[in-house]
Amino acid sequence: MKNGIFIEPLHAPPTFRRKFEIVERKGVGHPDTICDLVMNEISVELSKLYIKETGMVQHHNLDKALLAAGQSENRFGGGKTLKPIKLILGDRATFAQDGHTFPVGEVVTRAAIAWFEENLRFVEKEHLELQFEIGTAASELRSIFADQSRGMAANDTSALVGYAPVTTTETAVLETERHLNSREFKSEFPESGEDIKVMALRNNDMLELTIAMAFVDRYVDSERHYFKRKEEMLRAITEFHRQKSYFDKINITINNLDREGIGMEGTYLTVLGTSADSSDSGQVGRGNRVNRLISLMRPAGSEAAAGKNPVSHIGKIYNVLCFKLAEEIHKNIDGLEEVFVWMYNTIGNQIDSPKAIIVQPLSADGRVTSQAEKEIQEILKDNLANINSLCGDLVSGKVKLA
Amino acid sequence: MKNGIFIEPLHAPPTFRRKFEIVERKGVGHPDTICDLVMNEISVELSKLYIKETGMVQHHNLDKALLAAGQSENRFGGGKTLKPIKLILGDRATFAQDGHTFPVGEVVTRAAIAWFEENLRFVEKEHLELQFEIGTAASELRSIFADQSRGMAANDTSALVGYAPVTTTETAVLETERHLNSREFKSEFPESGEDIKVMALRNNDMLELTIAMAFVDRYVDSERHYFKRKEEMLRAITEFHRQKSYFDKINITINNLDREGIGMEGTYLTVLGTSADSSDSGQVGRGNRVNRLISLMRPAGSEAAAGKNPVSHIGKIYNVLCFKLAEEIHKNIDGLEEVFVWMYNTIGNQIDSPKAIIVQPLSADGRVTSQAEKEIQEILKDNLANINSLCGDLVSGKVKLA
Amino acid sequence: MKNGIFIEPLHAPPTFRRKFEIVERKGVGHPDTICDLVMNEISVELSKLYIKETGMVQHHNLDKALLAAGQSENRFGGGKTLKPIKLILGDRATFAQDGHTFPVGEVVTRAAIAWFEENLRFVEKEHLELQFEIGTAASELRSIFADQSRGMAANDTSALVGYAPVTTTETAVLETERHLNSREFKSEFPESGEDIKVMALRNNDMLELTIAMAFVDRYVDSERHYFKRKEEMLRAITEFHRQKSYFDKINITINNLDREGIGMEGTYLTVLGTSADSSDSGQVGRGNRVNRLISLMRPAGSEAAAGKNPVSHIGKIYNVLCFKLAEEIHKNIDGLEEVFVWMYNTIGNQIDSPKAIIVQPLSADGRVTSQAEKEIQEILKDNLANINSLCGDLVSGKVKLA
Amino acid sequence: MKNGIFIEPLHAPPTFRRKFEIVERKGVGHPDTICDLVMNEISVELSKLYIKETGMVQHHNLDKALLAAGQSENRFGGGKTLKPIKLILGDRATFAQDGHTFPVGEVVTRAAIAWFEENLRFVEKEHLELQFEIGTAASELRSIFADQSRGMAANDTSALVGYAPVTTTETAVLETERHLNSREFKSEFPESGEDIKVMALRNNDMLELTIAMAFVDRYVDSERHYFKRKEEMLRAITEFHRQKSYFDKINITINNLDREGIGMEGTYLTVLGTSADSSDSGQVGRGNRVNRLISLMRPAGSEAAAGKNPVSHIGKIYNVLCFKLAEEIHKNIDGLEEVFVWMYNTIGNQIDSPKAIIVQPLSADGRVTSQAEKEIQEILKDNLANINSLCGDLVSGKVKLA
């Protein structure tokens, strides 16, 4: 098979026109999201260091982490953390290359602590135990970086996918979490922790939203207070949705496991605003995809983007690029209800000439015009030609990944 | 929304009729698969212990692990491992309940070591470093187990999906890996390690198979020997495919990054038959789905099944059940080209009455008869009524999960 | 044997009159000293917390730690740390008691990081990896604390020893390290790291001082610079000794392994001023005794004091008390050239009534008067009566322990 | 100061003639002894490997370990282990040298597991969690090994001491533990665990023996059974001492913290025969010295011998050699009541020409004849000439070190 671009018009109902849709988002304080965002932040900081020291990003692959929950004891009015949250950081980086050495340990530790202190109101360095499991990058893979004269080669065989447009359900889920974790909401409801999971099931035009939200026990005086504030939050979220008008019919539940009348056992309290302080562990690549959602009825690529290096790992680059391509195609080509873009490449092959790009447009009649095909080709060509610019945005951390 | 069963016929081309398909399988010795299989084996052994001691499975959730690659040095004729493979085992189990205590540490360690010794020819206990990060299960979740009189309640809010039929591409990928890791193949090609990744891109009726296979250096005398044996393997795999006749046109590549003439650097050698001995790390839930494949163009559920408890975690139970339902529906209902089955439930709700089951049949005319709908309802009802029997198969480890 | 006080006059030459004496001190930045001081600081902070919350110190025993050296690469002008220093913190504390819970994790982590940042100029939180291995205290031992009505009981069977007076060799060693780690010296010689080991062999009236001192590579421009500054330091130390007049004849060596003319290999450089950044590991109880020295020709108790709880662990309390008793006896009783004081108790016995106190006075004639015996008894009695006050000084961290 | 031999006759009462003596031994199953013996066994196995592969021992220093107690729950009739014993193994070894690579990870892990399975009846691999913290040896220290043409150089500055003769108290303590951990005793009293600590206080001719002994709960049916068996053991130990006739007056206590009538809380039970299964942690160098005892009233060297390399680390070699020298001198020279031998050397100096050997003989008149001096010189000279043979015994593991 020659490297190529393939366009396969699909005659199928677009996602937003299907009767059902299931979409999930794990908020910033969810253990899986923590893993994704911390590891990606580390990759960003390390990339900057590599560039500063050597003019280019060196090989690294930091898409492995395990957050092992700490131990804490909740109390109304404020509980205590007993054992720290342990974040185990993997997996490979370049420690030395061509006469340069890199203070990987420092950069990683500083970036990780900083991430927590900036993103989670109640997690400080004294709540954290960082285990450093970052080893030296294999020479086979480092060699991909060494020989950049002929362009950068892919350091894995992978296939990724992106799509457009975003559905209303997806928007509703993403915006709900953003709202719940916004400065305004936290100011009105400080008892709302950053560990929030929003799950939506759309049944035709009706949305069922199931929200899991860790409460911060220092702001909750009693069981009664807990349920009162939950009721008030529910009203606030309902009002938010009324204003946004995503759906007319909406049913919202918070903390489904709660049971009134049995004291603390019947509530969802945490000390630090995240279940990571005591009960829930996390990993990289187990939460949101690069569209910041888990859009369950859509296909998903095989790769976790967070923490991968932004110049040779197509599991990161194509992941983001596929969404960008789909958005541009959908925006610029008339008559496309939905479009899926797949990118596939094999290890060692140049990243700017993938083995295959498969574009699957969905139109009302299941066809695309030859003019549209030409425009699609153009969009793909332009983006491949500018892939370094996208890599640059990944290096700088401009692109959010979870 | 009331709990319910929804049937949404889709007018769309079934997967096997689309022009492109991308399917991957990470073999038994791949670091991600190792994590999945070890953690699930531990869950199985622990479940058996719980049943033996208390008559029921106790709460546990072992779907987190991080394998940090060891360090080794390859040599033609046999290299050496310098540092052990570190497997970090998370995350929660029940250590004591109702006057019973459970030797969790022993069971976990024994099961993990046994798994390696049984499944990977060259990994022995002396190559392993096990880090035990299994904490005590949260009381909120343990309570789900305590009150089983009213049936078992879901311990997470999740949506899962299964589908049928299996496509030829999927079969080809799964069988290729099984063949490469079969006793016969290993006997003919002992230099073939267990760490095998098979990636397939189907373009219409043409299959491109990209295989990554760790060679075992003790059986490889020289660079020349390596490439000779690789050539012979390629012929053997080609012959296997010729006999199986999955596809007429097939293009197979092994170890795409290899370069002849530069010595060991240009080959893919390992000491223990897995890249875990030196370069590649892994996690739970990052490899194969419960159909043992990564079928990239199909939707995927939001949950890693491996290691989850088999009686309350719908992320495991529904994961398997959705595939079973899809297979039964596809087999029993005439005229269905393909079917997708979704199950959705919220935490605390009974596992045998999910909030929603969504069946999406694909037929040539985009419709299903009312008779077919009735039969589908029947199949769902039967399976929900017998969900305990499925759980039993998960407890016993009868169902392979990765 | 009844609990009792025994006086055994010894007819033997006092230490300072012997022909030979060997004394060592591991400075504040030595990996063993780091372990001692950090763990003791943690014990102090935890004790304060326990008192604040419950009015009394709760059981803990933190006399176990392992510092695993990091990895760094030295350069003239400033090298880099590649992997963090890992400090593994053991072993037991009380996390909850009588309805109180204690944020052990936070206190431990905060105290450890603070210790480094205050005591070692170049070690910051980003150079550290803290591994928390502190478990829950055994109930058998916690019970010692629960029942304090009858006074505190010893939580181990141990024998400790102290002695007086300090010899000139001991003073010279202690003061040499204090001088080398003083603000003044560091200001004049910033290239002198905190990791300093002073070993002295006194042969009659001649002192051989062997100093190992980690240089801080950012202040060392070249091999030549290194040897020049070492020469200048040597002169400064010689001048210090000339002023102090400890010994007329003195021979001082710095970094005995150095070899000129082979570049960096022949020097002793570190990035952070401590060999912990790359080569030397440490443990609790392997360095200085509670007199802050390793006085090799004197007997030593069987216990590491650092990190032990200050109210029931006689391995800490008696360790300090024995030296205090010896000093008071030596100071107050005429004619004693030297005195050794031993304290022995068994687990479960009250700390203020040890099974045995053995006082070994050395006088010119090998005897003590009955008046002296009476005064010794008085001193012992007073100190036992005020043992809580000593414990208070240990709780507050007033007493330096390594 | 020139390298030299110094003889300083001391006019002082020998240890055995003093009124008091305190001697301790931590038995084979004590957490500190476990650390010592495991790490030394690892050093022995690694040394054998180095010799086999390269003809010589390569640099290593494995005298750091931290055993973090597991977690278990005791029951009369047999409790359970919940979490494994974690043994953290430090600190440095040579992984590669001169084209050879060494499977350090395998050797270490295999030796550690084997040690437990051979020495502690109830600890198997499934009770263990091994954490590998062994880094690469520093090149400065490796260089000591590289240049062996001029003999081996010391890789630390240290002073060590040995003495003779062994006192009756020391013999009694050592033999008591050996008896309690003998096959015969274990066969009669299987409930006696390997974790035994013997503490002796000799007051003139009276011995007070305080024994702490972990009971194995599977062999103890009830509180009553526990105290009955303890009584029977006490009788057996008393009978052992009666036969040995070490002392006429002897007072023996077992498990001083026991209290009858309060159930399990008042007993000292373990699941695995060592307190390491649940409560007590350990370290290298915190237990027995190389005479296998803690002879508290004698001076002690500054070094832990266990785990150090047997060809250049004088902290191991001199530690053993000092005792050997003292024994030979005491045995061969008439009229010596006791003798202490000190060896001192500085890093980089040849191990067979120490900077100083100080011999301190104690005779009735505080003198030694010139003939005796000559014979002492002879003994020292012979032993230094044959130091390689001693190193050979250390390499082979023939010498017991804790």
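Letters are used for the chains, namely A, B, C and D, taken in the order the chains are written, and counting of residues starts over at 1 for each.
Basically, a contact is a pair of C-beta atoms (placed from the backbone, for glycine too) under 8 Å apart; a residue touches a chain by one contact, two chains touch by 3 or more.
Computed from a predicted model, the values in this text were never measured in an experiment.
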| item | value |
| --- | --- |
| Most remote chain, CA-based centroid, reference being chain A | D |
| Whole-Å separation of chain centres (CA-atom averages), chain B against chain D | 49 |
| Approximate Å spacing (C-alpha centroids) for the pair chain A, chain B | 23 |
| Distance from the mean Cα position of chain D to that of chain A, given in whole angstrom | 54 |
| Residues of chain B engaged with two or more neighbouring chains | 71, 86 |
| Overall pattern in which the protein chains touch one another (line/ring/star/complete/other) | ring |
| Chains that touch, pairwise | A-B, A-C, B-D, C-D |
| Contacting residues of chain D [partner chain B, same complex] | 70-71, 73, 75, 79-84, 86, 95-96, 101-107, 109-110, 113, 125-132, 134 |
| Contact set on chain A toward chain B in their complex | 1, 6, 8, 10-13, 18-20, 22, 24, 64-66, 68-69, 71, 86, 88, 90-92, 133, 135, 138-141, 143, 157-159, 161, 197, 199, 201, 203, 206, 208, 210, 212, 251, 253, 256-257, 265, 268, 278-286, 294, 296-302, 304, 342, 344, 346-349, 355-356, 358 |
